[in-house]
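Here chain A shows up in two complexes: once beside chain B, once beside chain C.
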Partner chain A sequence: MSVFVDLNLSYTADNNRLRALIETAAHLGFSTVAINYVFEPTTKKKQEIPAPKPISALIDHLPIVQGRSRPITVLNRLTVVMSDSSHFRPNAAEYRGFDLLAVYPTTEKLFHSACMLLDIDIIVISVTEKLPFFFKRAPVNGAVDRGVVFEVCYSAAIRDSTMRRYTIANALSLMETCKGKSVILSSAAEKALELRGPYDVINLGRLFGLSDADAKEALSSTCRSVLLHAETRKTASGIVYTRRSCQEDSPQPDLCDAPAAKRPHLAE
Partner chain B sequence: MKVWTGGKQGKQRWRRRSNTTPRSLLVCERSSFCDENNRVSSQVEQLHFNYKVSVLLSDCSSAPSHLESLLTSFSHFYLVRNLPLHELLDKQFLETAVYQGNVYGLSYRTRLDEDNCVALMPNGHLVLSLDKDSFQVLGFEGKTSTFNYKTKNRYVVTVDLTDGSMAPGRQAYLRLLTGLTSRLPLQMDFLLSHHPGGGASLQALLSRYIWSEHKPEVGTCSLTHLPCPDLQSCDPHGLLEWLGAVDANISRDNSSSSFLSSLVCPEPKRTVSRALRISICGLLLPHDVQRLIQELRCYLGQCQPESWVSLTVHGFVDSPVSWGGKEHGVLRGGENFYTLFIFHDHTYHLHLAAGAQDTCPP
Partner chain C sequence: MRRDEEKGEAAVFQRVVLKNASPYHYMKVCLVLEDESTKLSAVELKQFIITGLKTLYGEVGAALNFDLLKYDEDTFTAVLRVYSKWLVKLWSSLTLNGFYQNQACAFRVLQVSPFLLALSGNSRELQLD
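And then the complex of A and B:
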C-alpha cells in the first residue's frame, strides 16, 4: 500500500479557507492533496482557463502529516466540465501548469470519447444528479486499459441527503461496470469540515460497493498510479522528457536511460 | 482478463463478494500450567514487540508490593531520532549486539500500510517492509508481501544478519550496505531495547545520534462493583469484548441516555466488589512478560479460590512482524494480541487474536 492521497480539494479565492483545508488534510493523515480548479466553458463568451497559483503563495510552511515526519505535498489539478466536444482542447498550452487533468463529461458521447481518446488522467462521475447516461462496459474497460481512473466525490453526500442518494446510486452503478478497478475516492471539499479521515473514507467506499481492500487501494495505490500517469503525460511514452535549456537555440532533449532506437532525432 | 458472465447471476455474484466482513482470527486454548506441554511460555516468547500489557486482578484493591516492584523493574528502552538504517549493519554493532542475540529494534512513527517499516529481531533477522518505489530503488532481493491484493505494492526484505553470507565484507552484505547508503538512504526514528546486561552494546551506536531513554509507563486504577461474566462458560468473543470495554473504561450500563456505547456484560454475570486494572505501555520485552506471569501466578496462589487474573499483551500495530517472525499487515486495524486468563487452580485460558492481514497465530 502507499500513502493516502486526496485529489480533489476545491479551490477558493479565500486563502485562509484553503489553508485550513490543507492543514485539516495533513492532520487527518493525507500525505498528498491536489487543489482542483474547475473550468466550465460556456459557448456564450470566451473564457480563460484559470492559471494555477503557486503553492508558496498560498501557504508559507506546508504542515507535517500527522504521524509521519514529512510535510504534505500539494499539487494543482484542472477539471474541465464538458458539455460539448470542443470544450476540451487537446494539447492546450494552459494545461501545462497543472499536474493533473480531469474532465467531467455530461453526455454519453463525451463520456465515450473521454474514456477512449482524450489525453487525461481522471474522469469525474456526477454525484449531484441522476446519471444522465448508463455506463457501458466497452468505454469503461477502454479507460481502465489506458490508465484513466474514475473519481467519486463524497462531500456532496455530507452536505445534503438527496445528494447522498445520488452519490451512492451512481457509485454503485459505476462499480457494477468497472468491478472496483481504477476508481479513486476523493472529497470535493469546500470547507475543512467536509474532509474525512482516510479510514472513514475506506468505510464509505464499502457503501459504494467496494470491498475493504479495494476501497483502501482507491485511496492509496490507485491515486499513486494516477500521479505517475500524469507525469508521463508530459513525456514521450514515459521514457523521454524535454526541458528548455538556457541557450538561445532549439531545446535539447534530455535523455533518461532511453535505448538508442527510441531516441528522437534532433531537428536540423 | 476475467470473463464476466453478465445478467442477474453475474450481478449477484459481485454483490456477495463486496459484502464480506473483514476477516479476524481468534485461536483459543484451555489448559493447565501443570501440564508439561503447555504453550504459554513459547507463545509469549514468539511475540517480540509488545506495546501494551493490561492486567485485571479480581478481588484486589491495591497492587501487592512484589507486583509493584516488578512493574517498576521492566526493561528500559531507547528512542533514537533519525537513525540511518545502514548503522544497523555497522560492524561493531553487529559484533557486540546482534550476534549476541541481545537487541530488539522497531521503527517508530512509521505506518505499516503507508511507509517503510523496519524491525530487528533478537535472532538477528532484519525485516524491512518497503513500498514499491523504495524496494525498486534499494536493489536487494525480497519477496512480495503475502497480503498484496491486486497490485503488488508492498515488498518484504528479510535478512539474516547472523548468516555467513551476511558477514561484513561478503558480497550480500556489501550490496545491502551500498543500497542503504547510496541508493536508498532511509532514516527513521527507532525504538531499541536489549536483554538485561546488554546495555553497553548499544552505547556506541547511541552516542552518534540524538537519543533518549524511556521506561515503560505504568498506570493503575481500582474499580468497584464490576459486573463480570462467568469466565468458564462465556463465549470468547463476548468475553474479549467485555474485557476490552473494562480496559478502555467504557461504560457497560447501556443506559438509554448514552449514545456512545451499547455494550453490556454478557450473561450470566456476577458482580465483583473490587478489582484492579494495571496497564504498562512502551517497548516491552517477552522475558519481562514471562516474569509478570510468574509473579501473577504466585499472587493468585495466595488469594481466594474464586479469584482470577487476566493479562492482555498487545503487539505493535505497525510492526512488520507478528508471532514467530511471520508477516503482519494493516488493513483496517492491525490488531495482534493475546489474552491469558489465569485461575487459582493453575488452569488457564489463552486467546490469540489477529486481524485481517495476519497469518494464523501458532
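And then the complex of A and C:
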C-alpha cells in the first residue's frame, strides 16, 4: 500500500493560512499534498497564468508526517477552468513550472476532448453545480486507458448542504460510469478545518458509491499513479528526459544551447 | 462468550472472545472548534451529532442509536458507541459536520475499534525514548 496523498489544497495568498493547511495535512497523516492554483481564462482580456511559488518561500521547515518520520512533500498543481477549447494551450511554457496539470471542463465537448486528447493528469468533476452533461462510457474509458484520472473534491460538501447534494449526486453518476477505478478524492480545502483525515475520507467514499478498497485506492495508489503520470508528461514516454545543465557562471553559457556536434572544439 | 478467569477470587481480568462480528464499534472523536473558548456540554455534543445525522440522512438517520459513553469537556474528546452496521452512517455524518453555531468546526476521529479496551491507549501518542 502506498501512502496517503491529498492532491488539492487551495492556494491562498495568505501564507499563514497555507502553512496551517500544510501542517494540518501532515498531522492528519497525508504524506504528499499539492497546492492548487486555479486559472480561469475569460474571453475579454488576456490573463496571466499564475506562477507557482517555490515551496521554500512558503514554509521554511516542512512538518513531519504523523506516523512516519519523514517530512511532508509539497507539490504545485495548476487547474485550468475550460469553457472554450482555446483556453488550454498545450505546450505553454507557463505550465512547466507545475508538477501536476488539471482541467475543469464545463461542457460535454470539452469533457470529451479532455478525456481523449489533452496532455493532462487530472479531470476535475464539478461539485458545486448540477452536472451539465452525462458521463459517457467512451470518453471515460478513454481517459482510464490514457492514465488520466477524475477528481472529486469533498470540502464543498462540508461547507454547504446544497453543494453536498450536488457532490454526492455527481460523484455517484461518475462512479456508475467508471466503476470506482481511476478516481481520486481530494479536499480542495481553503481552511485547515475543512481538511479531514484519510480514514474519514475513505469512509466518505462509501457515500460516493466507492467500495472500501476502491476508496482507499482513491487516496493512495491512484494518486501515486497520477504523480508518476505527471512525471512522464515531462519526459519522452518516461524514458528520456532533457534538462539544461549549464550554470550562469560557466565560461561560455551560450554554447550549451547548441547541439554537441555543432559546438566549436574547446580543446583546440 | 465470556469466561471469568480464576473462579475462586474476584475476577481480576476477563477474557472476551467474539465468535461473530462484534455488535458494537467504539469511536474516540475530538471536536476541533475555531473559537477554542466555546463551552460545550455532553448533552449539547450529542444534540449536535444528532443534528448532523438528521441533515445528512433525515429522520431515519436521526433515529439510529448511538451512545456517548465518556466526554471530556476540556479537550472536547468523546467516546461513542454505535452498532457496527451503522458505523459508516455515523462516521460520514461526523465527517460532513462543518459548522457548530456558525463557527467552523471539525471532528477528528482519533480511533475506531470494535473493542472499548483498544481506546485506552494510542500507539500514535507513544513517546519512544
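The rule we apply is simple: the second predicted complex is superposed on the first by the 246 of 268 C-alpha atoms of A that agree within 3 Å, B and C clash if a C-alpha of one lies under 4 Å from a C-alpha of the other, contacts with A are read in each partner's own complex, and residues count from 1 in each chain.
Heads up, the rule we're going with is that contacts are C-beta pairs under 8 Å (C-beta built on N, C-alpha and C of every residue); 3 or more make two chains touch, one makes a residue touch a chain.
Keep in mind the model is a prediction, meaning the values are calculated, not measured.
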| item | value |
| --- | --- |
| Combined model on chain A: chain C and chain B, fit or clash | clash |
| Touched partner set for A:A213, first chain B, second chain C, both or neither | first |
| Larger contact residue set on chain A - chain B or chain C | B |
| First, second, both or neither for A:S173, with chain B first and chain C second | neither |
| Chain B versus chain C as contact partner of A:L204, first or second or both or neither | second |
| Contacts of A:T128 with chain B and chain C, given as first, second, both or neither | neither |
| Partner chain(s) touched by A:R164 [first = chain B, second = chain C, both, neither] | second |
| Which superposed partner A:L195 touches (first chain B, second chain C, both, neither) | second |
| First (chain B), second (chain C), both or neither touched by A:G67 | both |
| 116-124, 134-142, 170-178 or 260-268: stretch of chain B that collides with chain C | 260-268 |
| Chain A positions touched by chain B in one structure and by chain C in the second | 67, 199, 206 |
| In the complex, chain B residues that touch chain A | 4, 11, 14-15, 17-18, 20, 22, 109-111, 113-115, 131-132, 149-151, 153-154, 189, 331-332, 356 |
| Complex contact set, residues of chain A against chain B | 1-4, 31, 67-69, 175-176, 179-181, 199, 202, 206, 209-214, 216-217, 220-221, 225 |
| Residue ranges of chain C touching chain A (in the complex, touch as defined) | 32, 34, 55-56, 88, 91-92, 94-98, 104-109, 112, 124 |
| Contact footprint of chain C on chain A as seen in their complex | 28, 66-67, 157-159, 161, 164, 191, 193-197, 199-201, 203-204, 206-207 |
